[in-house]
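Take a look at the structure below.
For clarity, chains are labelled A, B, C and D in written order, and residue numbers in each chain start from 1.
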Amino acid sequence: MKRYISAYFEDEENLLRATKELRAKDVSIQDVLTPFPVHGLDTALGYKRSNLPTVAFICGAIGLAIAFGFQTWAFTVDYPLFIGGKPHFSIPSFIPITFELTVLFAAFGMAIAFFIRSKLGPGANNIIHDERSTNDRFVIIVDLDEAGNQDAIVKSILEKEEALNIQVKEIES
Amino acid sequence: MYVSPIREPLITGKKTYKQITDEISAPIEGKAGKAWYAGITITLSALFLGLAMMGWTIWQGIGTWGLNKTIGWGWGITNFVWWVGIGHAGTFISAILLLFRQKWRTSINRSAEAMTLFAVMCAGLFPLIHMGRPLLGFFVFPYPNTRGLWVNFNSPLLWDVFAISTYFSVSLLFWYVGLIPDIGTIRDKVKSKFKKAIYGFLSFGWTGSARHWSRHETMSLILAGLAAPLVLSVHSIVSSDFATSVIPGWHTTIFPPYFVSGAIFSGFAMVLTLLIITRKVLNLESYITVGHVESMNKIIIATGSIVGIAYITELFIAWYSGVEYEQYAFLNRATGPYWWAYAIMMTCNVISPQLLWFKKLRRNLAFTFVLSIFINIGMWFERFVIIVTSLHRDYLPSSWSMYEPTIVEVGIFIGTLGLFFTCFLLFIRVFPVIAIAEVKTVMKNSGEKLANRDKNE
Amino acid sequence: MSKPYGFFYALIILFLFICPPALLAIEADSSHIAETEDHHFNYFLNSEKRGERLFKGLTRIKTDLTACVSCHNIDYIDTLNWNPSATDISKTFADKSIAEFKAVLMDPLGKKMEASHVGYSYSDEELGYIKAYLSQLKQETIYTTKPKINNILVFVFFGVLITMALIDLVFTKKIKYKLIPILIFAFAFGYQINMLADGAMALGRKQNYQPAQPIKFSHKIHATDNKIDCRYCHTTADESKSAGIPHVNLCMNCHVIVREGTNSGRFEINKIHAAIENNTSVEWVRIHQLPDHVFFSHAQHANVGKRECQECHGLVEEMHVIKQVEDLSMGWCLDCHDKTAVDFQANGYYSSGFKNLQEELATGLKDTVRVTDIGGRECARCHY
Amino acid sequence: MKKHWKSLAERKNGSDTPEKQSLPKGNLEQILDIFDNGNEKTQSNRRDFLKLCGYSLAIGTVLASCENSVQKAIPYLIKPEEITPGKANYYASSYVNGSEYCSILIKTREGRPIKIEGNDLSSVTYGGTSARVQASILELYDTSRYKNPSKDEQKISWEELDQDILQQLNHLKENNESAVLLTPTIYSPSTKAVINSFLISFPNVNWVQYDNRSATACIKANELCFGKAGICDYRFDYADLIVSFDADFLGNWLMPVEHIRQYTKKRKLSDGNTSMSRHIQFESRMSLTGSNADYRIPVKPSEQAMLVAQLYNEILKLKGIESYSISVASDDIRELAKNLWENRGKSLVVAGENDVNLQILINAINYELENYGTSLRIDKQILTKQAIDSDMEQLLSDLTTGKTKALISYGVNPVYDYFKGEDFGRAIKKLSFSVSLDMAPNETSTLFKYIAPDNHFIESWNDLEPKTSRYSLMQPGIRPLFDTRQFQTSLLAWSGQETDYLQFIKKHWEEELYPLQTSYPNFTSFWNNSLQQGVFEAQTKSVFDTKFKLNGLGELIDTIANTPKSSGFELQVYESVAMGDGKMANNPWIQELPDPVTKICWDNYLTVSPKQAEEMDLETGDLVALNSGVKLPVYVLPGQAYNTVAVALGYGRTNCGVVGKNVGVNVSKLSRLKNNCRVDFSTGIEISKTEEKYELAMTQTHHSMEGRAIVREASLGDYLNDPAAGNEANHAYENAGIYKKPNFPNHHWGLVVDLNSCVGCGACSIACQAENNVPVVGKKEVIRAHEMAWIRIDRYFSGTDFNPSVTFQPVMCQHCDNAPCENVCPVAATTHSSEGLNQMAYNRCIGTRYCGNNCPYKVRRFNWFDYTKADSIPNNLHDVAEMTIDLKRMVLNPDVTVRAKGVIEKCSMCVQRIQEGKLNAKIDGRKLRDGEIKTACQQACPSGAIIFGDLNDKDSQIAKETLSKRNYHLLEEIHTLPSVSYLTKIRNTKTNNS
């Protein structure tokens, strides 16, 4: 048996305040659904900094190594050709492609990581709590303990911040 | 929250969040007007004309173009560089302006990026169809083969292949990643089950979860960081097609910055051309305000002036170099048989944008619209001047020749215009023209007034 | 879907449908000449049918005699049958009289025929039927192969799998573990790509090509059993770019005396005699053929490079039916150029030049000079 | 890229036509056929497959894992002894086209003549050739040729024809009615014997020789002056000072191949030679000869006689002999006379005009200058032109009056090229009996009742004596392609003799020529050797007393002096260097060879001086009408004398096959007869401008070097002071690069072009076209600058418009060691070899044309359309000249790929010849000898201006030439390090200092 409470705000500032208060009360917030990225919400929810930059860096480094390595191998080892009196191993010529592939690998590596990590992707159909959560409503879903000790506190905080449609839901886990 | 009193609002008209959503998604939900149908009929006709001409070219050979033994590139490559140039504004706006925290970008970045993609699609066609043997175009990819052959990594054309395809892929990614939340919004708004399924599929299951938003923002920032140098690299590499050669008039080290600023210059002009119409037709005046137009005009003056300086620098360097071929090439540009192209280029690109120093003109939509078209023409001629006038009289006077385009080349160019505008017309009916979520983020601190919530909604 | 959307797609689909046929219509070549059916023996309507029954041994035939068809195959077979096939016989006797046909059949010359054609006796009328039946076979080609329908079926099958996996993954979601459709997708798609790559690489290549030849000439019998040197017949291998397919008169050097073969009796050898007598050419099916933009010289490889024929042509001396062993791709050429050492000191051409390489050899910096070292990978060595 | 025959199968069929045809099929079935590996159709091949790939690559590749269609390999039934499949055979022979002669080698592959090369052993042509000689191979495969004998355009057999003709001839003989045998000059001893025996059999037949541009005046003048008719043997290599009055001896006057050789030999400055001849040319139009002259003086044609007379007078004065009263000569003429006098015995004065008086004066000048016996000899003669113009006039009147009842014609085309051609045509039509023995239909032969077609010279046996005691044999390279018979055989047959002409020649040689030598012990070895060498040069001791016998020069000079000066326009007709007399008008190679001076092909045009053009408001491409009714386009030619215009003969053929038909305008009728000699200029011409425009196909439209050091030149004096004169910067940029100069381990192939030797004749261009399967594109494509020539000759004017100096520069791929083209190809289709060649792999090329753009020399050529039928896409052939039909494709070189649409091509430095030469050396196990490999252009060049060789071989000629101070690279300041280099042009003009 899993219980939680859901409600929505019409202004992101109410949401922010409510979030901060709930967090202060050690209430675990399952999710917040907003139509746009609300400034400061991730700190309010206590999210850590994402690792995506690291992923991008690693992917970029791989792209760089592949591109430069492949060009060098193809031109000096596998099929050395005399082209325009230039040396086989000619770094300036290799730079443009190396750069492009670095960017390509970094961008796509990171994007794929993002989609996998966020469980998003073509055909992913996550539960939509409120159709207007992508429009103008700021939906909050708060976990409740089984005993129902927190219900009152949560409700009061939500009501204080003008939350609407406060509902308690129960789900068989 | 403090709102600077001096700055003019980026969104006018005291919008609520819902109003924003509704107004921006209106063209997708509503039925298309007669104008739209008229428009797409014209663009599709142009597109089919272009396709027919491309088919003719591939069937009969490049001989159907006006090229010859001396002038191996003409309209085709001019169009290629022109379209690539236009394809620079979108990513510049969303990436570089994002890095510089320019909030006014939010109203225009979506459509500018879409325009970028379509322009790059048009551009990408030309290297393929200008080939003598386009069916063997796949030779440019270094795929393993039984001949044991690779490609020539020294060739700027090969760099182009990588640059353009990377630029297209990354721009597409950047655009789509930004589009996902808005597709989610549309998904939740549309009524039809079919549409819901389609947008649901395209939205990748977006819910607006705070955790997703947090990662999304990080990713956008890094993508912007990656895309910014990419934008600069693409036209630098395209310019290498000319700069690395030995032809007087092409062999110039200032080409990369000169081309990049020219690209942004023409890109912004094209954005203006499109958005001045779009805001009117789609009733988006409160999102794309005269303020936005003015900001873009300021960038146009800046880049236009850089381009002007580049032109003059070229002339100076040609004189200063003491190389007779180089000197002749530039003298020939200005006074030779293609002087008119040079004159058009100078007038449209150097002189006309200087009028934007006047605030009145800068904020005058009609003037801006006309000017943007002038700039597009001028930038087309810039490429024409660089390519054709340099080639037609190079080292050995015995091979000097003249170039006249044929109907086929013009037809293909019209075809790409058709493709571009067809794509754009489809785009405005399928995806939100303005980044809904991003506009909402700036509404509070840059909107005309704080959202006036209507509790009865 | 809104209307313009549909309109647009309809146009694209229409275009896709119209385009290929339209382009192909252009291809329609007017140079086809209608073939004239020739029936030599129209005794009466079903003479072919009667002939067929006789040939296949379905009608009157002595029980101890085998039917013609048991030695003379009618359909294409991919194994070697030394006996002439029905079509082969038909060709040979197309313009010959019944009497000749009869003579060969019932009173044959040569040991092999004498041994096999014992006790056959047909009336002239029956022979006419058989001949009529055979001449109707004449129209068929020398060889056919099984249609490779399998490849298409496999490809389509995997295509269906991919579609199903995708549909399930995105829409229906019947399979609980997403990994399964993903794996199916990946495997099927990978297999398709592999098929495409294989197909693309095989374009214009004829590795393992082993068609039936107009004469059942066996390199094994000539080169191994009779120990004839390759160059006895392929005379120009040492001096010209082409090794030379022996002219028919060259065959006659031996076959003017050797009139009967080990395996096929007189039938195949008679074809050479017929060619000489009738002044007709022997149209061999070409096996080893490089594309037109490749210039290959046998003299360079067989004479200067001292390569053995077998290095490129395989063990021809063991083949009854000649076959292309290597794929003759550029990569294959280059592999050999990379590996093969050049006869650097012995040949005066090399020893008089290449100072640096000679020094390196002398000082021991290099132990051998490979073809690649002297430009064996350069374009204009083969393409010009 | 499909078009050449590989080795075996083509011998029999001549083409790779399908063995079996199948029933017509629908589209779908066709598609299936391509994948049907069991099908014997040869029309479905890999290329068809690739076509489909364009439509549906995916399904296609899968299906394509089936095998290809069947290719046949058909060996010889009985292999001819001398043929090795894959190797070329060479047969020494001779080229003859009217009065043009050249000793040649015919290159055949598998019995198929594919190329003509010069024969080094001839002391007449020295291995040189001309453009027309090179192009004549294509005539062999001309589709318009007569393919069988005919009567009234109905095909008949040779037996029927012989019977008919004999009957007619006998009928004429019985009635003693006059008939005429009309031929060009016959300088074949055996043919003369054949004709004589024919004339003996039919005494009623008169033999008339007709040269469309005869040397009547020369022949007559010599007869009058020295009592010996004929043309002198001119030795330009013995003359230190050459003065030519409108004699285009490098272009079309007498024996240009020999004259170019002699002329350039005297002017070569290699091997320590420090002297060269000085050449002064008086002429009205800018001829090839004039453009090579050190001094060129534009004069009107009518003024020449006066100038010659003055010159003669001045020389007499210098000699101290009584002179004539004549108008005072200009300083120039006096100066010239002084120079000539100083160079007496080593000078040569020639005149081109067909005017007996003028030629007599020229003879007198040469006589007074003591040149006879040195630079010209009357005892040795050029025999290729013997016809006398008045004979033709007589024939025409006999035909018109009906005195001559029958005409047998061979190798001439008077209806087209005689100035009264139309009259001639009308007269022929009236004849009841007429036989033409021409090889191909022309304006004249089509009017004849009987056609007894001759063989092409490559299919014929013959012998020739182009110059006194210089004999040459013609042997066939192939059996007659069609049902044709040699002219001589026909005559033998009609005169009732043994018809084997070869035996006839042999007999003739045994009787007449074998006794002239002592080297060979028996006739068989003499014959075999002569046949193998192609030439036989008898040592004759001739003694001829050259005494000037003519009196009354005074009268002659008076006549000249009293001729009123003509004012107004003068028009001159001439033979262009490429087209000549128009016999080869149906040859697309010749049609597409640009004129050396004007760079125009596929047309004739009226050259007008710049001053005139300005006065009349004319520009190139304007159509003008002459008062004779001819409409011609104008070309403004610097150097054309004021008030003169000129137009080329040889164009405007109306009956010659599809290629040459109605190309240009026939201007033969603009000649006229003067003193029984046909002259080429006429006065009283009026020109009126029309509003029409006409597009001329020009391969070069800009004529100035723009002050760039492209062709470097100096005067002889400056050169002698400093061998690097004009070339001070030679090789200055050699080590300017940031990368090390590439090192070539064994060979480093290169070319040196001596600009001092190149006269610009264009033989190299055609040789290259024949050797390398370079396509013909046609006039429209040339107008669009789509011509494909791998080697072009750039021509620049410098100096004044009135009288510019001209330079020629052959430009082919420079094979740069730092090649700009190589860097930019995305697919590495063009790379460098370790032997210094810039390699072009056509099959890798995708056609971005970037290499062409980046080539500073603009030598790369793109296949804009499918010119060769090698393209994979159907129905897009652009072949204006029937070059892709099976017959003409016989001329293709099987060692060179035929390029498809959409690929770049360029000079490969004849890599196929290099590979062949190397292979021969390897088979023999020896070092490659210098000079063993010759490129096609080098082989064809009559002046030896192109030298190919190994730059790494220090002993080679090319390495020596490279060290010359005159050597430079084209555009060396851009550091492309070309393997091709040039030697500066030296003009024997006065230095600036002196």
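Assume contacts are C-beta pairs under 8 Å (C-beta built on N, C-alpha and C of every residue); 3 or more make two chains touch, one makes a residue touch a chain.
Values in this document were obtained by computation on a predicted structure and should not be read as measured data.
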Comparison of A-D and A-B (more C-beta pairs in contact): A-B
Nearest chain to the global Cα centroid? D
Mind checking the centre-to-centre distance between chain A and chain B? Centres are C-alpha means, answer in whole Å. 29
For chain A and chain D, let me know how many angstrom lie between their CA-based centres, rounded off. 79
Chain B and chain D have mean C-alpha positions lying a whole-number Å distance apart equal to 56
Chain A to chain C, mean C-alpha position gap in Å, rounds to 61
Which chain D residues sit where two or more other chains touch them? 50, 820, 823, 828, 831, 833-834, 844, 875
Any chance you could list the residues of chain A touching two or more other chains? 79, 81, 83-84, 86, 122-123
Show the residues in chain B shared as contacts by 2 or more other chains, in ascending order. 148-150, 152, 154, 156, 158, 201
Contact set on chain C toward chain A in their complex: 169-171, 377
Tell me, which parts of chain B touch chain A in their complex? 16-18, 21, 142, 148-150, 152-154, 156, 158-159, 162-163, 166, 169-170, 173-174, 177, 180-181, 184-185, 187-189, 200-202, 204-219, 222-223, 226-227, 229-230, 233, 237, 240, 436-438, 440-441, 451, 453, 455, 457
Of all residues in chain D, which touch chain C in the complex? 1-4, 6-9, 12, 19, 21-25, 27, 30-31, 36-40, 43, 46, 49-51, 55-68, 70-79, 84-87, 743, 745-747, 831, 833-835, 837, 839-844, 874-875, 895-898, 908, 911-912, 915, 918-919, 921-928, 952
Quick one: which bits of chain A touch chain C in the complex? Just the residue numbers, please. 79, 122-123
Could you please specify the touching residues of chain C with respect to chain B in the complex? 1-5, 8, 11, 15, 170-171, 201, 327, 329-332, 334
